[in-house]
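Could you have a look at this structure, given as structure tokens, before my questions?
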Amino acid sequence: MKHLGDRVEDLKIAYIGGGSRGWAWGLMSDLSQSKQISGTVYLYDIDFQAALDNEIIGNKSGDNFNYKAVEQISDALPSADFVIISILPGTFDEMESDVHTPEKYGIYQSVGDSTGPGGLVRALRTIPMYVEIPEAIKEYCPNAWVINYTNPMALCVATLYKVFPKIKAFGCCHEVFGTQKILCQMLDEMGIIKNADRHELSTMPVGINHFTWLTSAYYKNIDLFPLYKDFVKKHKEEGITRADKNWLNSFFGTAEIVKFELFEQYSVIAAAGDRHLAEFCPGNWFLASPDVTHQWKFNLTPVSWRKEELRKRKEKSRKLVSGEIDFEQKATGEEGVNQICALLGLSDIVTNVNMPNVGQLSNIPLGTVVETNAVFSANSVTPVNSGAIPENVYSIMAPAVYNQNNIINGMFEKDKNLLFNAFISDRLTDRLSLSDAKELFNTMLKNTKKYLPEWIIK
Amino acid sequence: MKHLGDRVEDLKIAYIGGGSRGWAWGLMSDLSQSKQISGTVYLYDIDFQAALDNEIIGNKSGDNFNYKAVEQISDALPSADFVIISILPGTFDEMESDVHTPEKYGIYQSVGDSTGPGGLVRALRTIPMYVEIPEAIKEYCPNAWVINYTNPMALCVATLYKVFPKIKAFGCCHEVFGTQKILCQMLDEMGIIKNADRHELSTMPVGINHFTWLTSAYYKNIDLFPLYKDFVKKHKEEGITRADKNWLNSFFGTAEIVKFELFEQYSVIAAAGDRHLAEFCPGNWFLASPDVTHQWKFNLTPVSWRKEELRKRKEKSRKLVSGEIDFEQKATGEEGVNQICALLGLSDIVTNVNMPNVGQLSNIPLGTVVETNAVFSANSVTPVNSGAIPENVYSIMAPAVYNQNNIINGMFEKDKNLLFNAFISDRLTDRLSLSDAKELFNTMLKNTKKYLPEWIIK
Amino acid sequence: MKHLGDRVEDLKIAYIGGGSRGWAWGLMSDLSQSKQISGTVYLYDIDFQAALDNEIIGNKSGDNFNYKAVEQISDALPSADFVIISILPGTFDEMESDVHTPEKYGIYQSVGDSTGPGGLVRALRTIPMYVEIPEAIKEYCPNAWVINYTNPMALCVATLYKVFPKIKAFGCCHEVFGTQKILCQMLDEMGIIKNADRHELSTMPVGINHFTWLTSAYYKNIDLFPLYKDFVKKHKEEGITRADKNWLNSFFGTAEIVKFELFEQYSVIAAAGDRHLAEFCPGNWFLASPDVTHQWKFNLTPVSWRKEELRKRKEKSRKLVSGEIDFEQKATGEEGVNQICALLGLSDIVTNVNMPNVGQLSNIPLGTVVETNAVFSANSVTPVNSGAIPENVYSIMAPAVYNQNNIINGMFEKDKNLLFNAFISDRLTDRLSLSDAKELFNTMLKNTKKYLPEWIIK
Amino acid sequence: MKHLGDRVEDLKIAYIGGGSRGWAWGLMSDLSQSKQISGTVYLYDIDFQAALDNEIIGNKSGDNFNYKAVEQISDALPSADFVIISILPGTFDEMESDVHTPEKYGIYQSVGDSTGPGGLVRALRTIPMYVEIPEAIKEYCPNAWVINYTNPMALCVATLYKVFPKIKAFGCCHEVFGTQKILCQMLDEMGIIKNADRHELSTMPVGINHFTWLTSAYYKNIDLFPLYKDFVKKHKEEGITRADKNWLNSFFGTAEIVKFELFEQYSVIAAAGDRHLAEFCPGNWFLASPDVTHQWKFNLTPVSWRKEELRKRKEKSRKLVSGEIDFEQKATGEEGVNQICALLGLSDIVTNVNMPNVGQLSNIPLGTVVETNAVFSANSVTPVNSGAIPENVYSIMAPAVYNQNNIINGMFEKDKNLLFNAFISDRLTDRLSLSDAKELFNTMLKNTKKYLPEWIIK
């Protein structure tokens, strides 16, 4: 890495999961538009062919970065300045079990990758991989900054720190941005500010990934809370249509009325997509059945759709590689490249991030991976003192907080009971009888056993 | 109060709820057997006639204490050395709603006085009374030691401290003793120790009232955990019959198999009666229906039975007053009188107690009323550092922990939403839809409105 | 206040101590150069004539702000958006005693306004005034942001929060900036970066006001610690001459070798002027005698010099009022106006600030006023999690940390003993015998008694 | 070990430093009088002949314990139930330097084994030995209870836990008992209670070893604080003569007026011998010169006296071995044997103990070795929540608190600077100039270099 005033050259980035056909292309797009950094991106993936394809695509994406697929993680990491991790733990077959097996017991999940039975079992597949990665980082590039995009976010970041406590890692998620955009849309609709940009807001996010809340929100010095109260009252029945999304046409779209209901209950602004928020609440609130989700104006995402989507992306990849279509540079709206620039000392930013609690949230146990704002500056990510999780919210959120440790400890101590303790205390599964819960737990483990350590199955 | 070497004379005790036909008679019995203390007990009750009856009964109960019914709390408190509080908030009519109204929504409660919808609504009736009592104590006898027996225990003690932070108060509960007796019964059954006494055990209770756990247990230096493991394995299907109780014959008896199941899940010893433990767990575990409770070998206590029981006690009171029957001195097994003696400097004891957390439990918020061991010594009750609630247990317990503050703050800030936030995050009610929960909440409030502040109803 | 996109008009600022002939003029200068804000500054001072003079000077200083002298604090505060406090507690006659009376006992002080016997007695005069100010703020403008410049900084800010816990107050100090400038001077001297600006640095200050330390320092992504190590080794004997200051010509100049010595001892960068740093260290290190201070290349500032300086400033004031000289607009390098703009939501900044510890320093008691970085954003100042005070530094610093509470509690509880406890545990006075300490303490109190509450003297 | 109701047989005790001619004989005496325990004591000492002599003496001391000298620590530890450590780190030659070298710089020490320059250098010799001992315990008897008597107490116990975090260790000290006896003597003198026994008191000790304080003290329910206030007022000039000690006749005797002075300053009861207390206070308070110590009515203990005393003890040992004199059984007043019995589950006791802070003191960093009460019960020592060190005391005590970590970290990280940081922040040495401090530090290290790791000297 060479530092030249306001530019950095010869940056070395290792991308684990570099065969990705989503996040990877987004990063290429953002990197290609940066005027401040250049260098090489090493693409490592267990699907080497996918990495090779992305090498070709990446090298077409722009001029400032060179892309190189490598066969071993040990080829990607040495002297890396940054490591990006974005992997799919297992395949969509396993995810199919995560999401749909619980439906037989009346447990519906809109996403199934963060919490609930699906999130837990996905974590069990992910953690063994997230033991190997930080060990390699410790060996090959202990001073690199590590950016995680994989879900379950909190457990991935927690495992990185558990294995290599001095790792410089954090997790990025764009869910808070979506709520910030709703606030901008509100300002526009109310005729207060036209075309406000979410970067002009000052918000204070607190929570755990995908169950985050804004305890304050300002546009310049306009307090957005009283406005949001009116906005919610007006729209809570019908919901709103976001410029970019429509719940009726899409498995990802929502009408935001889960968010509005939660504001009316808790008086703070829920700041993640409705599909994520619903999964952290008691299961009969928003996810009692497909009909109920429709009343709350969102869809359950079937894994069959993800499989089809993947097929389309593979086709797109083929076309990008062959040159049938061109790589399109467009800003993703993610903060990753800005964060890299800030860590290089090029300009400070304040944004939300997932990191172990060192006091940024005063009523969450130290060490728990939480999501708050942090200052990104030269070689440092410093969380800000964000106060406490509101206690009314915390009484709903607490099981997910304490289960971080139960799941991590269960895996590291090979204690299947601890994993089951976590499973049954989750807000989605706690309405099962103990015997149903045992049956479901064991079925789900069996369905994903290819990716689990042996002790967990027998 | 006069101190004479190993005796204390002229002690002054104020008994609030002094017309009680249960706890009061127990205390009379224990006091009458003490050789170390003597004095006067002032009986105050909103039912003055009941207090007058107890004056007569008390004066027949023994020689060392004189009993005096008073009409005003301000007649009972001045210069009291000890204040005992044991009241029924409202009548059994209100309790009938607490316990049975939720049944219409499939929510069954075995007791309904500590947690769950019944515990919460009972708290709402109780807190206003527990605002007045410490205000009077602050005025009339700020240095008195205050012993609470009223449920919901944690919220009663929390309110005392909220209103008068320098109060010297603690809450007593015998539930832990019951589990200690089971351990003694186990030693006997296993042929290890015959007739062990629970005072010979060393146990480390941690938790909140009625959801307490032993993280270690010794008889002399015999570790009881491995023994208990075998004991549970042997008895977990059939349960055990406690010397003093039989679940088939009694609304209070249980076969202890909830306790045994929880040990198998959590590897620590649940230390309260099964009927209490069940209410802190997700509702479909042990309380899904009356049939399910029978499978777990305990009964739901109908409030009609409590009403009948009260009728019998009134009759017994009449006979005690008239002299048809004699007051019978027998040890209750409660620690109250021992605690009084210890606080007078007569001899230290270590026993479990409910007090605000000052660090005795390292992973519970400071100020939360928790149950742990404490050293009772001259003019001091000092909790011992009891470590942490096991994290697997905590992920079940957490809503009850955080709802202490939500309920207290809801009442003091007149914020009905906070109360509802607590209501819906409780482990018994979190399987309701939001609309059912709202309906049930409002119905229960209406049924008990006579004892609620006005703002809560409208 | 009116918000117009990137500008704010009709801002209302109350300046307590508005007759000041130093800070006030600096603020006028900075305000006059702002293109983003305009409004009115209300000048309140116990010396009303000084405020009237500053009204005239202020109104000459620029166009965007209007200045108005007021006779009562109640004329300045109503509906203020910002309150600035910069007062001299007592006169230089009292300060003469603070600084020079201890010299008779061999205690030399280079400044005498923050810590040591002088800082403590100054605090005793200041605290009563700092009780009245927040009471008035609470009454007239409870939502205003309050910026304190008065010393002793930590105790002033602590008193504001003690009296009005919801106050939105912080304390500003430029001492850290000086050390940042030395780092820029180092980069220049080493030929690495010419003309670096301190705003381009990323530093992590930790400590209490005037005894602050940088635990990390970067220029862009260049780690400055190894460079500083060489720099200190090279200059530790002779010291350096700062562009702006020369210790031989000035009572404020220093050669920075106290700072260099502390770096060699503690391996972190002391970040305040040498004259301040010396006063927090054991007295015989740098302040054993005037000769010793000369060996460390700094001067003791006699209060006679301050008196003469004041005379000159009064003369300058006269000339500014009369128009003999013109008000000169020049940037002071202070952050005050930038902070105001950030609080108005105009653009975020990260800078160091004095506030009660809410967790920004993990090993300092909560509530202690500490100095760290904070994010200034719309209507919020959020400290960042700055880690811990290095433990080797803390073993020197601790008495000053714990004496904050001893002094505050001593004053609020009228406990003269507590004040004396603080006096004798200070690092400058702890080498006195107890009897000398008592004598000195009482003499100093007597000398400043005009400004002390009565109970403290008798 | 065999448990027989109220007795335990076949107990195995390993005594490290088993050649001791003080503590060892005391332990023998106390063990011989116990009716509850019997077994074998393995005596290990680097002076094997001394251990052999003590084997003979021990076997003459009583019938219930058998004594056996062993040549290797690995012969003493296997399957030990208890390990007792009481060693002299180095010889009195090194202690001579610890105590008397600083006198050349005006630093006088009354004991020189806990804090100050002597305590620090003694720690540097001790820590390497205290690394080896817990490693051996971890290997040979990880479940044994370990009782430390060696000074510097806090650093010895801290090192045990640093090396083997799961060790079950605590440190015993009788200094608090001495103050309790003074309180009994006071009750007697005042005619309130004749012949009170210190075990009848309820006291709350808080602090670090040898700088402990009672924040409350009761005899039965008589509050001793107002009585002590009068007692101090009456005796503060002349002091008192303790039944057992007279300062004029003895190097250990004192008149307790340091203690009385500290009570008048701090309003809590200093609870260690005056000679220890003085060393934690600023050096010019009580230890400015031998003359000053005489004014405060205590003596500096010259190491020459200790050498002479050792000679006498060796002679006594010879006579005990030869049978010229008989071993005399008498109660030492130590708690060691009672603690052993409590840990065996034979009967609970509450007494003061040195252990890492897990919350027993709320304002001392977690992990610091502190002295408070604890409940000794079957296989557990549970500190009680003892509140906070009074803040006025803490501002004096803090350097000694934070230097625990500085010294431990300095030794484990081989960072001589950290050790010097601790040296110069100590209350006895902080009045030296930095250059004198460096010279003294290096001289003291050189004088004791035979027992120091190599890196520390070069």
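Structure notes:
Per-chain numbering from 1; labels A, B, C and D assigned in written order.
By definition in this document, a contact is a pair of C-beta atoms (placed from the backbone, for glycine too) under 8 Å apart; a residue touches a chain by one contact, two chains touch by 3 or more.
Model, not experiment: these values are computed from the prediction.
Chains that count as touching both chain A and chain B, per the definition above, do not exist in this structure. Placing every chain at the mean of its C-alpha atoms, the farthest one from chain A is found to be D.
We define each chain's centre as the mean of its Cα atoms; on that basis chain A and chain C are separated by 43 Å. One simple way to say how far apart two chains are is to compare their mean CA positions; for chain A and chain D this gives 55 Å. In chain A, no residue touches two or more other chains. Interface note: chains touch in the pairs A-B, A-C, B-D, C-D. Put simply, chain C touches chain A in their complex at residues 1, 3, 8, 202, 204, 216, 218-223, 343-346, 348, 350, 358-360, 362, 373-375, 377-380, 382-387. Residues 261, 265-267, 282-285, 288, 292, 363, 365, 391-392, 394-396, 398-399, 401-403, 405-406, 409, 417-418, 420-422, 424-425, 427, 430-434 of chain D touch chain C in their complex.
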